[in-house]
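Once you scroll down, you'll see the structures, which are given as structure tokens.
The following pair of complexes shares a single chain, subunit A, combined with subunit B in the former and subunit C in the latter.
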Partner chain A sequence: MSSLKFDVAVIGGGPAGLAAALSARTAGAKDVLVIERDRELGGILQQCIHNGFGLHRFHEELTGPTYSGRFIRQVKADAGITVWEDTLVLEVRNDKTIWAINPQQGLIGITAKAVVFAMGCRERTRGAIRIPGLRPAGIFTAGAAQRMVNMEGYITGKKIVVLGSGDIGLIMARRMTLEGAKVQAVVELLPYSNGLTRNVVQCLEDFGIPLHLSHTVSFIHGKDKITGVTVAAVDQDRNIIPGTEFELDCDCLLLSVGLIPENELSRGIVDLDGLTSGPTVNQYRQTSYDGFFAAGNVVHVHDLVDFVSEEGDIAGKFAALYAQGKLPTATNVVAVKAGQGIRTVVPQRISWPDSSGKVRLFMRAQEPAVRVKLKIAAGEDVLVERQLPIARPGEMIVVDVPFDKIPDCTQEISVTLQAVQGGGLRE
Partner chain B sequence: MNNQEQKASKRLTCIVCPMSCVGEVEIADNQIVRMVGFTCKRGQEYAKNEVTAPKRVLTTTIRISKGVLPLLPVVSQTPLPKEKIIECARCLANITVKAPVREGDAVYKDILGLGVDMIASRDIEAVGK
Partner chain C sequence: MSAESTDVVIIGGGIVGSAIARELSRYQLAVILLEAETDVAMGTSKANSAILHAGFDAKPGTWKGKLNVRGNHLYHQLWQDLSLDVDWMGSLVVAKDDAEQATIEELLARGNQNGVPNLEILSADQLLEREPNLATDVTGALWAPSAGVVCPFGAVFGFIENAIRNGVTLLRECPVQGIVIDNGRVVGVVTPHGVIRARFIINAAGIQADAVARMAGDNSFTIHPRKGEYILFDKTVRQLVNTVIFPTPSKVSKGILVSPTVHGNLFIGPDAEDVADKDDVSTTAAGMERVINGARRIVPQLPLAAAITEFSGLRAASGDGDFILRESETAKGLIHAAGIQSPGFTAAPAIAEVIADILREAGLALIEKAEFNPVNPPRRVFREMSWQERAEIVARDPLFGRVICRCETVTEGEIVATIHSPCGAVTVDGVKRRTRAGTGRCQGGFCGPRVTAIISRELGIPVTAVRKDGIHSFLFSDKLPGVCEVSTDEQP
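Our next item is the complex of A and B:
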């Protein structure tokens, strides 16, 4: 058993963890450890072989592996960063002891001055949505299938039904088509797709794949191997409308039904937000427990990796400052609340004193709407007001609040989204 | 043939920005004669290209031998004509390259004679290295 000490330990070697490790070094951390459970760094980006990553950060459209490759090279070139791949963290304790295990070192005990949680998110599964039927083979989450098809050389089926029209579901519909499979349909419970329009157009319309909105899979057929599904229309309350059922043959059902921040290790140490399912954080991405930071999809699920990296930058920097005793204790804390029209907002609190100059808020709209006004206010004081031509729950709203605008005695800031004249819910 | 028959109109959803304008382009004698619904210059440009010469970036995988993974992700250097995308994917299904490969390497040149190279989008080391 080895026992080791680090300034900053980063759990997870995906885009958030890699950015956090690099920025921790820039901010003066002497030794940084990145623990990755997969056989290589990069996280889920390694299986996202499609392009469109990095427009904000690099002003280019990169593929997932290319985007992560840029960070991996920098991390590997930095002698102050230790990387343990193929290493599973078993437990994190609130004294910042980390217990991990790998085939070379066996059981390892690590102590760190600061810890960054960067474990990303996991997919919701069939169990989470409770589709009736037997339990045949051939049902996969879209992400698991993506890894098999894009990295490991297996195809999960030849005749596919996709449930869920988020970006992963749409991209997998195209991917399976390119691999020679027939995608029967994409089925979406909501009356709109949560994916980007470009993905609806380029992944479905290009290949003539039908999208059934306000529909769900109501039954899975097949005993040992899936043979088909029953699809049914749903009403406004998402209840199945009797008599609307139709059957689709398939040998594979891909589920793309949502992502949840992966907080198995952080639960019990830090407070979690019931809506994002991630830790509540301040503008430094410090959690409710001092010295524990969090970044990326472990905090809230992002639609753009560029913002995941940005959060990693923030968490890594302030974790390094904390490790060096340079992060002052909060003297005042302002709660940031999601008001009307807004489902989630991150960070959930802002701490004084501030050394960031501006606080960037990441928000998700409750429902799709056109012509809305976003208002960030402290009581009667309006801090930022902005007209948005369109708001969609699938696309994060990102707004900067200059720190000097925040009144220093305020207790709470609220964010609301309201329709202006001629605006409102989108069809 | 009368004028009526040569005219065709196409409904499109613009993908340039999140507004996702839905517009219509009318074509007669292979010329765009009318375009409605696209609210900005970029959208009009997109609609024009989409009607006259739609192009897509192809991302897929090819087999790699003696690598730490069995597949290498690749991306077309520039967008390819949309109607050739499936054909290009089929063509690449028959290709195997040998590890190691570096990101940026042109692993398959001039696909289907379209003048576009397929580029490795990551490094893959050889086994045992």
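Our next item is the complex of A and C:
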């Protein structure tokens, strides 16, 4: 059992963790540790062999492994960053002791001056949404199937139904088609897709794959191996409309029914936001507990990896400053709240003093709408107002607020989305 | 295998067949247990409430009345010997009005008659002090401290592995296709591997026990499948109740309960619905609704968002409601252990004693063997180890340093060990039921492919031959020529 000390320990070697490690070094951390549970760095990007990553950060369209490769090379070239792969963190204590384990080193105890949580997220399962029916083989979360197809070289089926039209579901519909499978349909409970518009077009429309909006899978058939599903239309309250059922044959059902930030290690140390399921953070991505930072999908599920990395940059930099004793203690804190029309907003609070110059807010709309006005205000004091031609829950709204505009007071800042003339809900 | 000959063939690898196999392994006998599926514990023993009932429910004088209390008593001795997961947390039967209050008084009297130890009626105040999350309109409860919860498939593995260690042969994927009768007496069973000659056949085929009886020309009973649905919750909501909570029972069912599991989850269920099809273990929207509404009567605040899986099981109900434990009148040498519905799981070790007695009376000499070892070696469960033990085991076996299932902290070392145990796992769900890999909140989303790779490597079969659970439940097909990267022989 070894015992080691680091300035900054980063839990998770995906896009958030890698960016955090690099930025922590740039900000002066002497020794940084990255702990990755998988056999290699890169996180879920390694199985995302489609392109479209890095448009914001690198101004090119990269594949997932290419995008992560740029970070992995830098991390591995930096002698100040230690990487442990194939290593699982068993416990994090609030004194910043971390217990981890791997086959080479055995059980390892480390202490860090600052910790960055970057564990990403996991997929919701069939059980969480209570799909009735039998329990045969052939039901996979889209991400698990993606790993098998893209990294291991096996396919999960040849006749496929996808439930859920989030980005992963859309991309897997295309991927399985390219592997020669017949994708019978993508079925979506909501009246709209939660995926990026470009993915609806490039993954479904371009391949003629039907998308059944306001529908769900109401029954799974097949005892040993799935033989088909019953699909049914749902009403506004998402209840099945009797008589609308139809059957689709399949040997595989892929579930893309939502992602949940993976906070099993952080739960109990830091406060979690009930809506994002991630820790509440300030503009430095500092959590509610001193010296613990968080970045990426562990905070809130992003649509674009570029923003994940950006959040990693922020968390890593301020974790390094904290470790060096250079992050001043907060003198004042203001809450940021999701108001009308907005479901979530990150960060959930802003602290003084600030050294970031501007605060970038990430927001998700409650429902799809056209011609809306986004308003960020502290009481009567409007900080930012912006007209949006369209707002969709699947596409994060990103707005920078210059820090000097934010009044140094305790009045909470609220974010709202309201229809302007001729606008409103899209459906 | 066609020339196989044995003293006793047991048909069915559920809790009853396994407990009988283990009981018979005490004696100088050749015993073969036949299981039609890929693994033991695949039928009723897989999907049930996993309660070791105290024994106040059954009518005095019935098999159920006699064997429930005896079985519960035996488990209090057996659980450590067999290395079973049991928590003796006790049970409550909750009443909500005068009529129900009268019923729990009746249960108290019946329980005392059956010999259930330390039963007690609690007042509403006493009850709410112990269980603050119950509905506030409860009027009282029957407290039975001798009840417990068990890992149901774990118990089957405990019995069968001990039986195998003591000389019993287990044949899986070996369905019985016929029974050979000579002169009114059974002489063997027909299987896909040929005829196995046997002097005695024990029918512990669960939901299929009537079909097995018919193969021997015995039409004396029928098994009616009665389905029950369950919802299982994440460990984060375990603290909602402290013990097994039953509603006051109706004539047909013990009702929908709210109970912790032995591994720290929480479940609600079952409902009771007669079904025609013995393969119908589907969950239904209506069934889940019934279960949720029933459970809300007792515990109003149910954290539905924390549900991680749903399943249903079939009770093997017989016509007259009691266990059928007797030699067939039509086919001598065929002994029925049938109609085993609740409290069959609890009664199983006592049923095994009764079956041994029936065999003895039917003329089989039961001579104890000196080398019988009643004890299973303790399992090495990483999750339950101290930090010191963890450090030591990884130092000895590096595979215990690789965590395959994050939700339940299951290591590669445990998975490899369970594949190579006496009744080793051969499927992904077989690994799950033995180690808990894949039972957590991600339900195998992360670890499923890795468990597949380990099974492929350890059993020396291609990834495409690895099955989820049932005989035809293959998971993957080939995409490209090549080998699964994680399934290479590479050792740390």
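Just so we're on the same page, the second predicted complex is superposed on the first by the 426 of 427 C-alpha atoms of A that agree within 3 Å, B and C clash if a C-alpha of one lies under 4 Å from a C-alpha of the other, contacts with A are read in each partner's own complex, and residues count from 1 in each chain.
One rule holds for everything that comes next: a residue touches a chain if its C-beta (ideal position, glycine included) is under 8 Å from a C-beta of that chain, and two chains touch if they have at least 3 such contacts.
Just so it is clear, the model here is predicted, and its values are computed rather than measured.
Engineer: Just checking: does A:I240 make contact with subunit B only, subunit C only, both, or neither of them? Give me first, second, both or neither.
Structural biologist: Only subunit C is touched by A:I240; subunit B is not.
Engineer: Of the two partner chains, subunit B (first) and subunit C (second), which one does A:E152 touch, if any: first, second, both, or neither?
Structural biologist: both
Engineer: Figure out whether A:R198 sits in contact with subunit B (first) or subunit C (second), or with both, or with neither.
Structural biologist: first
Engineer: Between subunit B and subunit C, whom does A:K76 touch in the aligned arrangement: first, second, both, or neither?
Structural biologist: Neither: A:K76 stays clear of subunit B and subunit C.
Engineer: Check the residue A:H56 against both partner chains and state whether it touches subunit B (first), subunit C (second), both, or neither.
Structural biologist: neither
Engineer: Once the shared chain is lined up, is A:K5 touching subunit B (first), subunit C (second), both, or neither of them?
Structural biologist: After superposition on chain A, A:K5 lies in contact with neither partner.
Engineer: If we overlay the two complexes on their shared chain A, which of subunit B and subunit C does A:R386 touch? Say first, second, both or neither.
Structural biologist: neither
Engineer: Counting residues of subunit A touched by each partner, does subunit B or subunit C come out ahead?
Structural biologist: C
Engineer: Answer with first, second, both or neither: which of subunit B and subunit C does A:R93 touch in the superposed model?
Structural biologist: neither
Engineer: Quick check on my understanding: which residues of subunit A belong to both its subunit B contact set and its subunit C contact set?
Structural biologist: Residues common to the subunit A contacts of subunit C and of subunit B are 149, 151-153, 179, listed in rising order.
Engineer: Taking the complex as given, what residues does subunit A use to touch subunit B?
Structural biologist: 46, 49-51, 61-63, 65-66, 69, 149-153, 177-180, 196-198, 200-202, 205-206, 389-390, 392, 395
Engineer: Can you name the residues of subunit C that touch subunit A in the complex?
Structural biologist: Subunit C reaches subunit A through residues 231-232, 279, 281-285, 287-288, 305, 307-311, 387, 390-391, 394-395, 398-399, 401-403, 406-407, 409, 412, 441-446, 448-449, 453, 463-464, 467-480, 482, 484-486, 492.
Engineer: For subunit B, which residues are in contact with subunit A within the complex?
Structural biologist: 13-15, 18-20, 56-61, 63, 69-71, 73, 75, 82, 85-86, 89-90, 93, 103, 121-123
Engineer: Considering the complex alone, what residue numbers of subunit A touch subunit C?
Structural biologist: 1, 37, 39, 86, 88, 90, 99, 101-107, 122-123, 125-128, 130, 132-138, 140-141, 143-144, 147-149, 151-158, 179, 218-220, 223-225, 240, 264
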